[in-house]
Structure formats: structure tokens, C-alpha cells
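All chains are identified by letter, namely A, B and C, in their written order; residue positions are counted from 1 within each chain.
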């Protein structure tokens, strides 16, 4: 019997500090047993439990794309016991990852469609995975237009800055990077909150256009009416929920929203699904 | 005490009608023998829900914490002392409250009654100072005074210490009560015997925290046992962690505990954790002449400094 | 199915005989109540109880259970690698479990043993256990098992049903596992004694009934937003008594504990009554109020579970939560409210 609680052992391969407040770091892990990488076959939108011996586990969205081989990456915000300790760990340290968990974004549904990615703050991780996945030469033709609206408080709080700059230069993805405010005179992108930029830049809705939206609750709260205004049907608005988790496999009981578990039945839900569920997230 | 019910309803109805309170917090008839359920009443026409009898042992001060409404609250002697403590500790404002005092003759010990019978207790009623206990095949009568909760038998503050209305005439306080005979016995034990006693006392604990949550003093937003950064106490049923929880919780209640008995009453496995709180109560009395919750003008001894505080413990 | 007669004078001898092949668990009186524990060699279960204070779930799902162990010592080759803790999976038998508690395992099994994942510790412990249940000749006034898809003589969670018939037990063989245990004890006196009459008599003593028929047809959000939750939750202390005493509550927490250079990862029972259960790292709590948490407990048992598995409520009617709740919150009353709920304009508690 495969033990679903047993993490795959990994080594920290690199650590990048992403943001100017130093609260977000991207960890790249390499599996100690190469076979485990195959067992960890995942799709964009899924998450995993990062396991730190002596501290515990935290559920984190997978930031790498299945098209990137040889490693997996996670961008971790420093908030609690495990994430704080993780931030103090070094390259070469041994820990574990358990997963992949949950449902990915609905890639079969998104095939042949326009995809509008709307992200805010540090919730851009699985969106980064999705963009890398869709832009991969083998996959780009499977999707129509790709729009990205991504905002952070300041330029220094944006994740994956080098990749954002590279995507800006491409013509097969429409980037709309924005910050709430900046004193940087050389800032060449948008200034304004994500809902405002969405209203200006997001394409109008049609049956072939889906939006994936991830961000802090306040961003989601104000972006949703904008998408309504633009005519997005609620089953075309895809969201990813977060709740406190422990087991990650629907057994420990805490992350449920109504009868569904965020870990096992989610974390990806459409807005129309969420409208039939208690708002316990 | 059954005539208390009529008076409580009458007062509650008046307070609600006059708009002096938004709600009255009291008890409604329970579904199990010897159990009543704390409840609120917001409309004058609903006051008939309120009841009072010898099974109102839960401390209603616990339901006042951080509430914003104007509240009529029914208070026995111990409840009233915890209300005083709540007011001193800024968990509720005196102006928000209309305290409906209940001079108390003690609550009945449901555990004791259950333990006296092999058969399931189907009902417990009272008549002229007698308690009538019915099981499927038998009906027995006991003296009420023989069935009091342990804390009630030792109580020396049966009358509310603070009130705006009274549900009955004040009762005579018990005199010459030796509150700490059992505590002195433990104090006299050699260390290994004490160790064994506490091991045994808490061995059945399932860490459900009913004692803590029934306690009006335990209102911390995050209890030390729930704190994860740093984590002070392990979360398993390890006996050391379990005892740490009980010992520390008792210390947090030192000089504040009124021995209302809610903790022991709430415990699903019958642990007498009052042995700890009463030891600290005894120490506070002996060291500072202090009894908790008797006056709005004085803070508990452990959160004030006085130049004449005893310091014999400094060696 | 076969019924075996066990003379009570042969009880201790049979158990002794079978003890080489089984670890026995049974109810034992300690302090003010009976609870299940592993029986020492020669120790007999005490059947003089109506039901145990806590359920028998801990036999399969202990309140604290070590999952993995590890070394934090970098000088050791396998440092920071999780190793499964060794468990004693030798066959065990639970003697005197009530039918309600035994059938609870079937409800819980859906959580721990499903098509996607199997919880190795729960599954192994469950599969290695033989349930020799004791029929309830005298159900309590707060038992409502017959309303919860169970009953005082219910067999579905059992391998053997023991019926106390005075100077002897009648043992109804329910499964092959049960037959083996009886054989191991050397009890083989087949009888044509009928337990149906005893069963009818016991069922007729159940005095508490709870309607559950309409729960499945209610809309989740309408029940969720019903106005009665404020009143239902008011008295609740948010202690874990109901969940810890419940045979069908399975929620748990996972914790690491290390001391010096070694540590364990373990799981402990957890409770939806605790605010910490759902608290986010950010400080946000999706079930931040008492109303949220009380509603979660009852909605889970009486609506979410009903919808998820389409086979009734997540409750066996043992009545423990009613008897033990310090403030007398009564699942029977809440269930009635939910079952008969019709939304009124203006109800909103979201």
C-alpha cells in the first residue's frame, strides 16, 4: 500500500529571494531518488505539501511547469512556523515534498480557448506555472490568445521579474503588469489596482474566453464585478482556493467548503461552483 | 428554587419591554435530566423559555466576554464574582449589564447522582428540600443538602456580590466551612505521593478543553496550548503535556478563580481539576487575604504590586 | 447464520485459549466510567455497562499516533528522511463493542479507505481487527440508533454479535473473521436459539426518534443560511467533547515533535469546534465564529456527508454527544430543525 503521507525526499537546489521585503523566496528542489520525479507527475494548478522534518508541512502551489524537467519549484511566503523555518534553510538541505495534490486548472477545457490570467501579489505561483506551460513550443498552438494581468504593491514586490520582462518582449502573450504605486521614474508598465487594469485591458467575454484569477481576497472581491461587467459567465471564471490543510488528501477534515475539500476536490473551482458553496475560505 | 423561575421571567420581561436590555442571558430547560442549556432571550414574549433550578451550574459570565449589547444576565453568587472579574479585566462594561442576582442554595451534583445508581437516571425533581431521583424501576428520595456539587457545599458566597435586581430574598451564607481540608492533605504529602496523585488525577484527560472553555477566566484569544510560535506545549496525549496544560491553566486563574465549579462540571471524564485551582485560591487567601471578585475597586493580587506584598518566598 | 451458545463459565477459558492469536480490547471500569483498553493477559472485559464513556474508535484510530520517525543528526546517513513507525498489526479483537460503535467504523471507512487514497494506519488496524459486539438489551433514553440506520442488535459493523442471555451468551456468527475467533476460543456449541425476540424487545425499548428523511432534499445553502444556527450555537463552549466522544468523528491534526536530534511526525485527534482547526497563516479564519463551527459540525454530519455518500447521516445514534455536552446541545433537536427547515424570507446568517 502506497503511503500517501510519506514525502519524497528532496534536496534544496537553489533559493532565490524574490521580493524587496525578502518575505518571498523561490525554492528549487531536486528529488533524491530520480524515480520519484516521475511519480510526482503534475499539472499546472496543483499543489504539494512541503515537509520540513521537526517542523511540519505546508501546502504550497507548484510554481514550476510540467514542461520544466529535473526539478520542481515553489515560491513560499514567510508567515507561519514551517515557512519561517524554511526561509532559514540553505541550499543542500534535505527535506520532503508530498504530492502532487488537488486538481489542476481545467487544461482540457482550456484547449483552443483564449486564456486571461489575472493575478495579484504572491498568488502568482501556479499562474507562472500555467504561463510557462502554455508558452512551451509544444503547447502554445493549443491555446488562442493569452492575456496576463499581474499586479503587486510595488515593482519590488513582483515575483519572477526576469521572466515577466522576457514575456513582455514576446508577441504571443499580452502582458499587463501593474503596481499599486511607485516612485520609480523608469517604471514603464501600468500603475493602478488589478481590477482597474482588468477593466481597461482584459478582452471582452465570449464563450471561448476563460479567466483564471488568483490573488488576495480584496483583489478578488473587486475584480469579480469587473469581470461581470465585461460579461464573463461565472463558469468561465476559474479560481483557486486556499484553506488551512494538513493531510492534503481529503482525510483530516479541516479544509472543507461545504461537502468539498479544497485539497482533494479543489483547489480549483469555477465561480459558478463557488456560488453554491458556503463562503468558508 | 423553582419559584425563582417566575421572578426571573417577570424581571426579564420588564427589562426587555422597557428597553433596558437587548437580551437576557439565562438558562432554558434541558433535554437531559440534570441539564439546562444556556440561552438568550431577545423578545419579551419569549421569556417563558427561561428556567431556574438546581441544574444551572454553568457560569453565565462566560457568555458575556466581549459582547457589545446591553445584557440582562442571571447571576448566582459565583457568576456575580466572575462578572466582577470580567468588569475589572475589561471584558464587559458595568453599564452594559443589568445583573439579575440569584441567591443560590447550591447546585446539585449530577455526577454524584449518576454514580449512586446502576440504572440510568430518567428524571430528577425537587420537593420541599428533597431530591426525587427516578430510574426505570425505582424512585428514591434524598436530602438536597447531601447532593450538592462539591464546590457548592464549600461555598461561602451564595448571594450575588453585585446585582441590580434580585430573583429572591438573600439566603443565609454558610458559616464555619473548612474550604481546604483536602488541599491541606495534599500539601502534607511527600513529593512522590503528590506526583502519583497528579499522574492519576489527569490520566483520563482527553484534552477536549471543556474545563478551559467552560471557565469564564479563560478568554485569551489564543490559549498558550494553542500557540504554535513558540509552541509551549505538545499537542498529543503525552502525560507531561497534559499535566502542563492543567497546571499552567490553573496558574493563569490564580487570584481570579471563584471556584464556580464550571470546569469540573464540564469535564466529560470527571477530572477534579479544582484541586489545583483551589490550592492557588488558598494561597491567595493566605498570602494576600484575597478572595476573587468581591469588589469592583480592587484588582487581583497577582496583577498589582504593593509595597507590603509578602515576600517570604524569597530566600 | 450460525448461532453458538457460550456458557458464561466457559468465557474466561475461551478467551484465554484465543489469546495466543489475538490482542484483546474490551471495556474496563476506571474511575467513574467504562472505557476500551487493551486487556492484560487474563484480564476480562467488564460487560456491566450501558455504553463506554468514549467510543471504541481509539482501538483503530488512537488519539495520538506516531506516523514517522526521523533523525536530525547530519552525521547519520538517513538524516531528515521520514521512516514509517513500526506498528503492531497482529490480529486483535474488540470484545463488547456496541453495535452502534461498530457500525460507526463503516461510516468512517469511507473517509480513510477510498478509491483515491488509503490511510495505511487506519486501514491496517481496521483490517486486523475482529469486532465481537455486545447487543444492547437495555438501550439508554438518549440512544436513537434506530433513527440513524443502526439498532441495538445491528450486525453490519460486526464479525460476531454476542447477546447476553443470562447464564450464557448467544454468539451470532456474522463473518468468517468472527467464525475464526469463536473457533480459536473453542466455542462451538451450535444452538437453534432464536435471538429475534430479544432483538425485537430491545428495539421496542428505544424511546428516542429523530427524523432524517428530508435532509437529502434540502439545499445546502438554504440550510447553511438558516436563522436557527445563532440560537443553536449560543450555549456552545467550543470544547471538543462532542467530537472526541463521537465514534464517527475522524478529523485529525498532524504535528512534528522533536527532542534533541530525533523527532516524530504524529497525528492527534482534532476538532472542528476549535478555532485553530481552520485558522490561516494570515490570521484569516474561514470559520472564525462559534456559529460557523457549530454549523460545520452538524452540517457535516447531517448534510454534507448525506450528499457526499448518499447513504444516510454520519451518526449512529449512540447519544454520547448528548449525554456529555457540558451545555446540553442536543443533536436530536438540531437534526429535527434541519430536517423540517423551510426557508423564510429574510433568513440570512452567512
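Observations on the structure shown:
The rule we apply is simple: a contact is a pair of C-beta atoms (placed from the backbone, for glycine too) under 8 Å apart; a residue touches a chain by one contact, two chains touch by 3 or more.
Keep in mind it's a predicted model, so treat the numbers as computed, not measured.
Across the assembly, the chain pair joined by the most C-beta contact pairs is A-C. Distance between Cα centroids is largest for the pairing of chain B with A. A separation of 50 Å divides the Cα centre of chain A from that of chain B.
Our note on geometry: chain B versus chain C, Cα centroid distance of 31 Å, whole angstroms. With centres taken as mean Cα positions, chain C sits 39 Å from chain A. Taken residue by residue, chain A touches two or more other chains at 80, whereas all remaining positions touch fewer.
Residues of chain C in contact with at least two other chains: 253, 255. Against chain A, the residues of chain B that register as touching in their complex are 228-229, 231. Residues 80-81, 84 of chain A are the ones touching chain B in the complex. If you check the complex, the residues on chain A that touch chain C are 1-7, 9, 51-57, 79-80, 83, 93-96, 217, 242-244, 246-247, 249-259, 264, 276-281.
Residues of chain C touching chain B in their complex: 30-33, 35, 50, 53-54, 63-64, 140-142, 231, 234-235, 237-241, 244-245, 253, 255, 257, 266, 268, 271, 274, 276, 322-324, 326-330, 332-333. Across the complex, chain C is touched by residues 30-32, 35-40, 58, 62-63, 111, 115, 120, 122, 204, 206-210, 212-214, 222, 226, 234-238, 265-270 of chain B.
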